[in-house]
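This is the structure I want to talk about, given as structure tokens.
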Amino acid sequence: MLALIPLFPFIGFLINATMGRRLSKGLSGAVACAAIIASFAVAVMSVLQIAGMPADARVLEQVVYTWIASGDLSLDMTFRLDPLGAVMILVITGIGSLIHIYSTAYMHDEIDSEFARYFSYLNLFAAFMLVLVLGANFVVMFVGWEGVGLCSYLLIGFWFKKQSASDAGKKAFVVNRIGDYAFVLGMLFLFTQFGTLDFARLATIASAMPVEEGVFGAISIATLLLFIGATGKSAQIPLYTWLPDAMEGPTPVSALIHAATMVTAGVYMIGRNAVLFSHAPETLFIVAVIGAATALMAGTIGLVQNDIKRVLAYSTVSQLGLMFLAMGVGAFGAGIFHLYTHAFFKALLFLGSGAVIHALHGEQDIRNMGGLKKFLPVTYWTFLIGSLAIAGVPFLSGFFSKDEILYETFHEGHTMLWLVGAITSFLTATYMFRLVFLTFHGERKGSGIGDQGSGHDHGHADPGSLIPDPGHAHGSHLHDAPPAMALALIVLAIGSVLAGYIGVPHALGGHNQLAAWLAPSFQASAAAPGVGGGAELFPQAEAAEEAEVISEEEAALELTLMGVSSAIAIGGILLAAFIWLKRRSIADGMAHRFGGLHRLLLNKYYVDEMYDATVVNPIHVVSRDALWRGFDVRVVDGAVNGTAAIVAAGSNLLRRLQTGSVRAYASSMFVGVVVILGYYLWR
Amino acid sequence: MFHSSFDAVVPMLCVALAALAVMGAEAFRSRGETMPVGGLGIVGLIGAAVSSALLWNRNAISFGVIVADNFALFVTITLVIVGILTIMFSSPVVKRDGLPKGDFYALILFSIVGMMMMASANDLLVIFIGLEIMSIAVYVLTGIRRDDPRATEAAFKYFLLGAFSSAFFLYGIAFTYGLAGTTRLDRIGAFLAAQSMSDNRLILVALGLLLVGFAFKISAVPFHMWTPDAYEGAPAIVTGFMSTGVKAAAFAAFARVFLSAFEPFSGEWAPIVWWIAVATMILGTVVGVAQSNLKRMLAYSSIAHGGYLLVGLVAANQVGKAAILFYLLAYAVTNLAAFGVIALLGTKNAANDELRDYAGLWHSRPALAGLMTVCLLSLGGLPPTVGFIGKWYIFSAAVGAGYYGLAIIGVLTSVISVFFYLRVVVMMYMSDQPATVVFPPVSTVGMAALVASIVVILALGILPTPVLNLAAESIATIF
Amino acid sequence: MLTLSWLLPLAGALLVMLVPNADGRRDGVIRWLSLAAAVATFGVTMAIWFGFDSESASFQFVERVPWIPAFGIDYFIGVDGISLLLVVLTGFLTPIALLSSWGSINRKVKEFSIFMLALEAAMIGVFLSLDLFLFYVFWDAMLIPMYFLIGIWGYDQRVYAAIKFMLYTMAGSVLMLIAILGLAYLHSSATGAYSFDLLKLYALDIAPQTQMWFFLAFTLAFAIKVPLFPFHTWLPDAHVQAPTAGSVILAGVLLKMGTYGLLRFSFPLFPEAATYFAPWLAVLAVVGIVYGALVAMVQPDMKKLVAYSSVSHLGFVVLGICAMNVQGVQGAVYQMLAHGVSTGGLFLIVGMLSDRRHTRLISEFGGLKAVAPKLTAAFLIITLASIGLPGLNGFIGEFLILLGAFRWDPRFAVVAGLGVILSAVYMLWMFQRVFYGPVTHAENATMRDLVPREWVSVVALCGIALVMGILPSLFLRPMEASVEALVQRVQTAQTLRVQRTEP
Amino acid sequence: MIPLGHYLIVSAILFAIGTCGVFLRRNLITILLSIEIMLNAVNLTFIAFARQHGSVDGQIIVFFVMTVAAAEAAVGLAIVIGLFRHRESLNPDAFTLLKW
Amino acid sequence: MPETLIFYLLSGLAILTSALVIGQRNPMYSVMLLIASFGALAGLYVTLDAPFVAVAQIIIYAGAIMVLFLFVVMLLNAPHEDGAEWDRAHPLRQPGVGRFGALLALLLVVQLAWALLRTGSVDVPVTGAVDAETISSVRLVGRTLFTDYVFAFEATSILILVAMVGAVVLAHREGDRG
């Protein structure tokens, strides 16, 4: 049954990919949506099935077939569903379904074949993402891991005629590949060390090993490599640069792939290998530091960006940083919790921005927006809910998850990291509401028509055949989100509000059901196939116990921190309101006063330029001038052609001996005679 | 005191009689009448082949100086093949160029007699006389187109240097005679075997001078200088004849003298021949690269092939000796076919033997181009042709005798040689320039000879076993 | 059965030769005839595959007829798991290559078909031979048709490329000939009889010093063929100048002969020397991986780019072989197949593009996705297969090779892994420049999409790429026993040496 | 009595003179004559050795050498005549159409 | 020591005339001098108890072959060595080549002499064990010629035939026969 979950979208992909050009838009959309919804249904059933099992045996497994068998390596195509996976597949299929539905409206301007192509990619993505999540060993996961990278590439470059889009797609793929390189090395290392790549078995083996405290041992190396892989996929320092560029893709894609699902794969991977990572505290610390640094850096950049999607992209990077911070401090449950809530509100925000862009015919620059509140009420309100959620305003989903992260960080003793997290939260609230205010409040700016050469000709792949759509005739009359889009927005908004309530902390009288649900996934299972005995060393109850029993002081601390973070969130919102609603000049003044800093932020710390200057261009120049034209053409071919030239030169030299003079010929012979006799006589 | 048996001379007698018949037929024909003199020659040659076959394994000896052992018979048969192919290729050429028909064929046949004599002689004097018969006939054949200054010049150079080298060879015979008191190879061998330990420098002088004589005939470096000029100047078919027949006969005699009589001194001559072989292989291939005349190029290639044969001589083991025989046959058929193509494509006024003349031959004469390609590939030693088997045989002898250096130089130079063979192929198949030369129609006889050669080249390239066994059998009885 | 598999194309060639076609009016007949011969050959190779016993490591379908008995040379052929797949690959790619020529080869079709079929026969012969002499005959004979294919039907620099190809390869292989002769001679001094029988020579105990020289001679020949850095410069020229069908075969099968030779001859014949030289070989291999990729990245010419990518990919294969463990070798063989399919496919499609536009410069294209979506999709799939995306054929091989290499010496795997990144860079960059963006050249706007004939071959390649990615056991199973036996053999010899050196 | 070696040295000197002639003279006829000198030097060697061995073989060989010399002379002179017809010169260096 | 005197006289004459042969620019003189040289050699043959060869030397060589040469010299109008114009054409055709060849010839003499001096067996008197009558017998020569050397003798006939045909082919006037 598990195999059906990725299979449905895959079938959808096949239908749309092979017959898409002959299907009408409605039919392709329907096929795609049906595929993902069917997948969602199966996912729900599966989750219900494991929910009905005893807590320590919530595992469903399906071995489809033996995939790669070579010597002692035997990799099965195995799908396994456990509580962690359950959360993930629900998010993927659930939010995925909504985004599919949303897309049917959003992409409606595309011609039939392009429409089908879009949905085939989207379905393929869902299939791969599900494989990633359900894979029971590293290699199956890697299939999904690379597969989603591919779909991300395809979807970012969906509007392939746009140079920037295809560049961005390539960049995403290549940067991901850099991470994958480390990921593969990590896999190889694990297999060499432990002889298996099955998650459960690895966990069991690792749990029997001592924690590598203060030493950088095998597990630390392996996990560090895996983490580097995760930085690629999840856009962390130093491999985050692709994600902002990825906004060149259609907005629903940004919502699904670059916010809700794919980019969280790294977080999921760490959660999946929680046992390994917890045995490598050194790596974990690196994870936490990178996560925190990314969160802060992306937050600062987000503060000054003017492209609506880019702000959201940096916010995504920032939030992912927070998730990694959580993973890094060992709060795996918190990290996954944030992943889960983030999926809702970030998808919501992206879809909301998509609705705005859709309404404005591709305009993405917030400086040209403003005052859209009254034109786009549904969009506005849902967007606002999303922003509140992400800002961490109390009792919305973001509040619970973010709070848990900050609490765990502080609780684990990482005060500096907590501080960074708190600043990030503040920045989050500020830039999100900067976005809200600049977009929806204030005066309406610009014509609302985005086709004045801004380059963002979304939906109109072929500029030459731009047919004015009656529904989008220009003028001051702006359409709010059409029903399909609105549906998705509203559902997600509800989710953004309510999603947090499955993880209400004990301090607030909740039971943190999510943490309890996830706990078995973060430890070695006794039921791991083929490996027995190791599990006793790591009693399964420990984590649950940790989650259940909380002392009074801790509860007080948690409450205090909650208060602090609520204050931070609200403070950030107020600051944003003050600057961008009341005193716009402050913003300009600040930008002017700290011109250097502003430029630095605006240009994203010049990281792309730095990469170009230090890595990309040198490699290119060296390859072309030194390796190809230098070594290959001059040295190697030079040696080859040189040999030929030497033979030819020798030939021309020796043939000159053949003067045509018979006496010279005779003397040549005579020399031979004298030399031979000389050899014999003087030998 | 005549020997009771004439058996051993029967093959060469057949050929000599055929030559006389040719001359007679030509002399007594009435003006305007055409005589099938080529046919007569072929009959004689076939007679020689048949008698050779009958003499196989009998080791007949006539007059004490002519031995018809298998070695001699193998070479004789090779020479018969050379002769038949030459005559077949010549028949259109003789008519076209207006050559004196009877004299031409007679000279070819007489020189074959000389070659056979060299191959089967057991006496240095007879070898010398055979060599002179062969040489003088070939000098004349080289210059047979008297109206062509190049042919005359070629004949002159060949003759002058040939006579010069004959003097050295003869001087070598003189010293050998002086020391051993005889010119019979078996007796010389016995004498030398007894002397092999002594420090008699005169023996070495004799050895060196004989070496020079043979090295000249097989055009080994540095005695090769006549080769390119003579080969280029001579009519193509004569070049083909002398590059194969002369070489085969000279090698047969060379091998016989140095591997039987002078075998006890192989420690003395092997190093010299080693160096000559190396120099010959390298010079032949390297200089061949720069040639623009096809005949001249093949002349250098033939020098190089002499070098490969010398490798077999240096190796001097059973494999090497058999390899020389096999290679001679392989090389004879291949090279003769290649020159046959050149001869067939020439006209009376234009030899059409420049490389550029072959541009686009594939388009005008696909069959000829294809056949020529097979020849060239065989010369280059590429499978599945007989040239490959021959090279493989030679080099396996070298490797078996521990001469890895020779083998490596040999194979590397053969790679270089492939380059210039390919130049011809490039011209024929891949040239963009339009064909400028109008080629004459090709006669049936010539074509038949070509096809037969190609069949032999391919058949022996794929199934060489019978001939390899024959070659091995040939050397088993004598050395 | 095996004899049939190489005689069939040869018979086809002879048959084609008999069709009179001076004026080119029977081109169609000849095309169908040669295709039929190639397809029939593919059928035979498939039949061999079905009849093959995967459990056995020994050679199967063995045929042995004395050929040159005086030297112990037999016509001795057979397949094991390693050669089986390569034979099938040859059988598979040749019809595709022939099909690809239908659109582009319009002159001298008859000769072209003859050379193609002769080439196929020689290639299959190389993979079947179990007698070193026979092997060498096929090995060299293969050069001739390829030389003509490049030289006659190639592009503007074809003559240079053809001669370079021929001489480069010959220069390497002649030294191998010497080593083969040396082996036979060693056999004769050991047992009194010459032999070129591979199985008998396997059993020969060769002194380490001799092994070194012979290994180098063999390996040089194979390294040039592979081509291993720095012997690779013939490849870009040959690939670029060859006609599409030639490039497909060259990349798809011919290069494999080098790596196959390493596996079949260099390593098992001279295990001790192999142990000694393997790290050096691996250094060249990984340098080649990175170097090939970097140089590929900056090529302005599509075919050249793909050619350099071959250098990179074949570096992986050599690395896997050097690792000499089950995963490494299986990965290497798998990668050979995968590279055959994907690079063959790349050349096929690049050939289609260059047939349509008569240029191979990347800068001449752009935006083709809008014009030719089918072609784009096919190219994308093949590209992804080539860069080793999981689920397609390239991944399995690369993963196994990296795994094998990592277990042997992680440093090689670490450097080799860079190739994985770079391959994505250069392939996608090319893909992007050719297919994405606006249509900048007016000629491209009217470009034909795939015609049904092209569609057939492209779908076949993509399908195989997918099957190889999803069901690799189909291909891994038959080779497993043979690979294990091979690895066993080499490793046993290595341990023997350790025992010998530690008295 | 005169030692054998003296005859041999005389013959060696004559042989060398013959070779010198080939190199020094620029007249084809004189060059042919030089070759005759060489052959005669060889003849002297044969006769001397024959005398020393006390066998007539050497003398008989000399007859054959003379025959060969005659044959060579005949053909050689015919070629010289042919050359002269083409070029009106007997200088060997005049004939360098074929080279390189 | 009459033999010694005769030997030195005749050898000196032979060497001197031979040297003069190649010292002449006029081929006519060369031919004449060569005949003289052959005479001296014939004398040497006589001292070596080979009278028949000596006679043959005079008759065949001096008589026949040299006459042939003389005939050709006169036929071609005996041109002197000509053509400084050919000499400068190429470095290898400079007189240096000739001098180099002469040097080599000198070297050859030295080599041969050295080889002879180091070979003890040539110190023995040339008139060895056998007395003069045996070896100078024409009857013996004839008998040996037609027994041991009968094949060579027959072969020589072919040689002469070839030379004859060859000379005719090469030298006869154009268009004599078709």
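Note that the chains are named A, B, C, D and E in the order they appear, and that numbering of residues resets to 1 at the start of each chain.
The criterion applied here is as follows: contacts are C-beta pairs under 8 Å (C-beta built on N, C-alpha and C of every residue); 3 or more make two chains touch, one makes a residue touch a chain.
Because the structure is predicted, anything quoted here is derived from the model rather than measured.
Q: What is the set of chains touching both subunit B and subunit D?
A: Neighbours common to subunit B and subunit D are A, E.
Q: Following contacts chain by chain, what is the lowest number of steps it takes to reach subunit E starting at subunit C?
A: So the least number of steps between the two chains is 2.
Q: Of all the chains, which has the CA centre nearest the overall CA centre?
A: Looking at where each chain's C-alpha mean falls, the closest to the middle is C.
Q: If you take the mean of the Cα atoms for each chain, which one ends up farthest from subunit B?
A: Ranked by distance of C-alpha centres from subunit B, the top chain is A.
Q: Let me check something: if the centre of a chain is the mean of its CA atoms, which chain is farthest from subunit E?
A: A
Q: Going by the contact definition above, tell me which chain pair has the most C-beta pairs touching.
A: The largest set of C-beta contacts joins the chains D-E.
Q: Could you give the separation in Å between the centres of subunit B and subunit C, each centre being the mean of its C-alpha atoms?
A: 42
Q: Measuring from the mean C-alpha position of subunit A to the mean C-alpha position of subunit B, what distance in angstrom results?
A: Chain centroid spacing, subunit A to subunit B, equals 78 Å.
Q: Can you give the whole-Å distance between the Cα centres of subunit B and subunit E?
A: 30
Q: Provide the C-alpha centroid distance between subunit A and subunit C, rounded to the nearest whole angstrom.
A: Their C-alpha centroids are separated by 37 Å.
Q: Counting only residues that touch at least two other chains, what does the list for subunit A look like?
A: Within subunit A, the residues that touch at least two other chains are 644, 655, 658-664, 666-667, 670-671, 673, 677, 681.
Q: Counting only residues that touch at least two other chains, what does the list for subunit E look like?
A: Touching at least two other chains: 90, 93, 97-98, 100-101, 104-105, 108, 111-112, 115-116, 122, 148-149, 152, 156, 159, 162-163, 166, 168-170.
Q: Which subunit B residues touch at least two other chains?
A: 125, 129, 132, 136, 139-140, 143, 146, 155-157, 160, 164, 201, 204-205, 228-229, 419
Q: Every pair of chains that touch: which are they?
A: Result for touching pairs of chains: A-B, A-C, A-D, A-E, B-C, B-D, B-E, D-E.
Q: Across the complex, what residues on subunit E touch subunit A?
A: Per the touch definition, subunit E meets subunit A at residues 90, 92-93, 97-98, 100-101, 104-105, 107-108, 111-112, 114-115.
Q: Can you list the subunit E residues touching subunit D in their complex?
A: Listed in rising order, the residues of subunit E that touch subunit D are 3-4, 7, 11, 14-15, 18-19, 21-22, 24-25, 27, 30-31, 34, 37-38, 41, 44-45, 47-50, 52-53, 56-57, 60-61, 64-65, 68-69, 72-73, 75-76, 79-83, 86-87, 89-90, 93, 97-102, 104-106, 108-109, 112-113, 116-117, 122-130, 134-135, 137, 140-141, 144-145, 148-149, 152, 156, 159-160, 162-164, 166-171.
Q: State the interface residues of subunit A toward subunit E in the complex, per the touch definition above.
A: Those in contact with subunit E are residues 659, 661, 663-664, 666-667, 670-671, 673-674, 677-678, 681.
Q: Taking the complex as given, what residues does subunit B use to touch subunit A?
A: Where subunit B meets subunit A, its residues are 156-157, 160-161, 164-165, 168, 201, 204-205, 207-209, 211-212, 215-216, 222-223, 225-226, 228-229, 268, 272, 283, 286-291, 416, 419.
Q: Residues of subunit C touching subunit B in their complex?
A: Residues in contact with subunit B: 67-71, 133, 136-138, 140-141, 143-144, 147-148, 151-152, 158-159, 162-163, 166-167, 170-171, 174-175, 177-178, 181-182, 184-185, 188.
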